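For reference, the structures are reproduced in the following blocks.
Below are two complexes that have chain A in common, paired first with chain B and then with chain C.
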Partner chain A sequence: MDGPMVTMGVRHLGGQVAVVDIKGEVTAACEPVLMSAYEEAGGLGTSRLVLNFAGLEYMNSGGIGMIVTLLVRANRQRQQLAAYGLSDHYREIFELTRLDEAITIYDDEASALVGAAT
Partner chain B sequence: MTSVARPAPRRLASFAVASEPGNERLALAQVAEAVAASGLAPARLERLKTAVAEATMNAIEHGNRGRPEIPVDVEVTQEGDDIIVAITDLGGEHALPGPVEEPDLLLKLEGEQRARGWGLFLIRNMVDAMQVRTDGVRHTIQLTMRAGTAAAPVSQTGGSQGGGDEEDV
Partner chain C sequence: MTEATGPERVRSAEQIELSVREASAGVAPRNDSGRWAAKVDRLDVVRRDGVRGTNVAGRRLTGPVQGFGKMWQKTYRLAAGAAVSPEEAITTWKAHFPEFWPAGNRFAGALTGISPGDVALLDLAIGGGVKLSTGVFVLYADEESFTLMTPQGHMFAGWITFSAEGGPDGTVVQAQVLMRANDPLYELGMTFGGHRKEDVFWTGTLTALGRYLGAADLTVTTRTVCVDSSRQWRKTSNIWHNSMVRSVLQTLAAPVTALRRRRG
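And then the complex of A and B:
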């Protein structure tokens, strides 16, 4: 079970919004994939990144650490992070870790994009 | 005076996984299968699975130091309404990894805590009780989840509870 078992596709929607479609496992092993996706998503003057967790199969404490690292980078670039597609369980974990206070959580992509436009 | 005997523990599963990265997924899947008929509500099953995965990762990485030839033993029992998962490594007496202080997202964002260090925090907050004991080289973390009870509210400080002469963490 070596190596990241995750893919993160990037969609640019409009000039300043990008969606990262996360499919698979978010663990410490996914750092290169996550940071590569971040570079791709954030490299065109993106001001808001939306993380799509609908394809998330598993996330552990190492993966939460990766999300925190991503959040630190986004904060430095004055970019906002939003998320949607989290299961009830992972939404609870976002609340427990207070990630939900730093990453706005939406029920679906349409809501996340409307939120992104405000 | 009437007394009610506590039901004898019933073993639901006993297995081992090699100390290799990612094998916590095997452990959580087998535990989930073992407790499927226990009456644990789906949301609480998800909590137990997360705690099992984190405890198994700790056993693999910090107890057995990632040596594949050393197994992590997992035993699942039911005692009354209590589902008990014992996860044992051969690392002897060692501190559970994680910061002494509670992980704090704000401090992490300010660079005053490292980004990682959520494992023990998650374990404590996912289960109803957590205990740690060491017997020679065998180091065991025991997770208890009560079936048939409502999910505990999310708590920033959440907490483990335990009793006896075992070490509570």
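And then the complex of A and C:
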């Protein structure tokens, strides 16, 4: 099986907020990359994790399943999960799968960070 | 063969590094348009022969976020061999999906097969001559996988992904369930025999598929992971939609309902 075609960079923005910049394809194969990014972002007392999907090129149902797994891990650590940068197509998928009820979706990073502060 | 794992799974940094391939490797990105179902708020149902068809119309879809019980990921795998490609295996699985189900259970899907947005109606044998009537929604479908999502009232809230992938010894077919029991009653049922029944169901399905595909070894491996051992008590009210309770009531009321229809 091919490895995942994705990169996930982590930015700590202070105020216990971290952003994960997702670029490429989100499928079940990228679980190790996502969980590694989570480990990096979730340390240092992070209470809010923001997923930046602006670089998302492709996502299948395995990818959605993995985001659910990430959500469980974040909830276990009492961390909030938010997202921004989703295209209309992927926003609809979040709504269809009802992930939007657990992950707050914002239009851009500024809104997501304001949301994080409130 | 069965393997059970606890809630935490940790991979080494070496594994992580090895599995990363830069997006800049020069491979054209895939396109998933047309593979996902269009957004729906509530399910519409087309009447189909051979199933009761209740407990689906007007229901909302439920993912693991909406369920009540512990979250489980259950993976069933079978080596289908080198004679069939992953694409051929999935094409066959989609085309003959109901035929691989264990006896006593009915899956009434669209005549066109399995396509994103389809709603299939199910009658599942739950014992005592009672059929649990529910349905599933085709959330996603491509050449190598398809995913079904459950509606309110189904035994579990979540999705099942059926996939096939090539390996050194040929194609491996897989069914993977990511689910929580939908309400406390189902959670009780899953705890006391429900999980075993589900294992038997999907093992039987994969065995039938493997036989159809000509697999030499029909051994199904099962891997069960408890992704989240906590229950979502705020979802207790999901019990209102419980399709098992409703199916029992519908079965008991069937003679009266038929009489009323006849009188008209």
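FYI, the second predicted complex is superposed on the first by the 116 of 118 C-alpha atoms of A that agree within 3 Å, B and C clash if a C-alpha of one lies under 4 Å from a C-alpha of the other, contacts with A are read in each partner's own complex, and residues count from 1 in each chain.
Assume a residue touches a chain if its C-beta (ideal position, glycine included) is under 8 Å from a C-beta of that chain, and two chains touch if they have at least 3 such contacts.
What you see is a predicted model, and the numbers here were worked out from it, not measured in a lab.
Asker: Could you check whether chain B and chain C clash or fit when both are placed on chain A?
Answerer: clash
Asker: Quick check on the superposed pair: does A:G24 touch chain B, chain C, both, or neither? Answer first, second, both or neither.
Answerer: second
Asker: Would you check which partner chain A:H89 touches, where first means chain B only, second means chain C only, and both and neither mean what they say?
Answerer: In the superposed model, A:H89 contacts both chain B and chain C.
Asker: Have a look at where A:V68 lands relative to chain B and chain C in the superposition and call it first, second, both or neither.
Answerer: The answer is both, since A:V68 touches chain B and chain C.
Asker: With both complexes overlaid on chain A, does A:N60 touch chain B (first), chain C (second), both or neither?
Answerer: After superposition on chain A, A:N60 lies in contact with both partners, chain B and chain C.
Asker: Can A:L13 be said to touch chain B (first), chain C (second), both, or neither?
Answerer: neither
Asker: Answer with first, second, both or neither: which of chain B and chain C does A:S36 touch in the superposed model?
Answerer: second
Asker: Give the label of whichever partner, chain B or chain C, reaches more residues of chain A.
Answerer: C
Asker: Who does A:L99 touch here: chain B (first), chain C (second), both, or neither?
Answerer: Both partners.
Asker: Determine, under the contact definition given at the top, whether A:R76 touches first (chain B), second (chain C), both, or neither.
Answerer: A:R76 sits against chain C, while chain B stays out of touch.
Asker: Once the complexes are superposed, what residues of chain A are shared between the chain B interface and the chain C interface?
Answerer: 1-2, 5, 29, 58, 60-62, 65, 68-69, 71-72, 75, 89, 92-93, 95-99, 101-102
Asker: What residues on chain B touch chain A, complex-wise?
Answerer: Against chain A, chain B makes touches at 20-25, 43, 46-47, 50, 53-54, 57, 103, 105-106, 108-109, 111, 114-119, 121-122, 125, 154, 156, 158.
Asker: Report the residues of chain C in contact with chain A in the complex, numbered from low to high.
Answerer: These residues of chain C touch chain A: 11, 13, 15-16, 18-23, 25, 27, 29-33, 35-40, 60-66, 71, 73, 139-140, 142, 145, 147, 149, 159, 161, 163, 165-167, 176, 178, 227-228, 230.
Asker: Provide the residue numbers of chain A that touch chain B in the complex, in ascending order.
Answerer: Against chain B, the touching part of chain A is residues 1-2, 5, 27-29, 58, 60-62, 64-66, 68-69, 71-72, 75, 87-89, 92-93, 95-99, 101-102.
Asker: Spell out the residues on chain A that touch chain C in their complex, using ranges where they run on.
Answerer: The touching residues are 1-7, 23-25, 29, 32-33, 35-36, 57-62, 65, 68-69, 71-72, 75-76, 89, 92-93, 95-99, 101-102.
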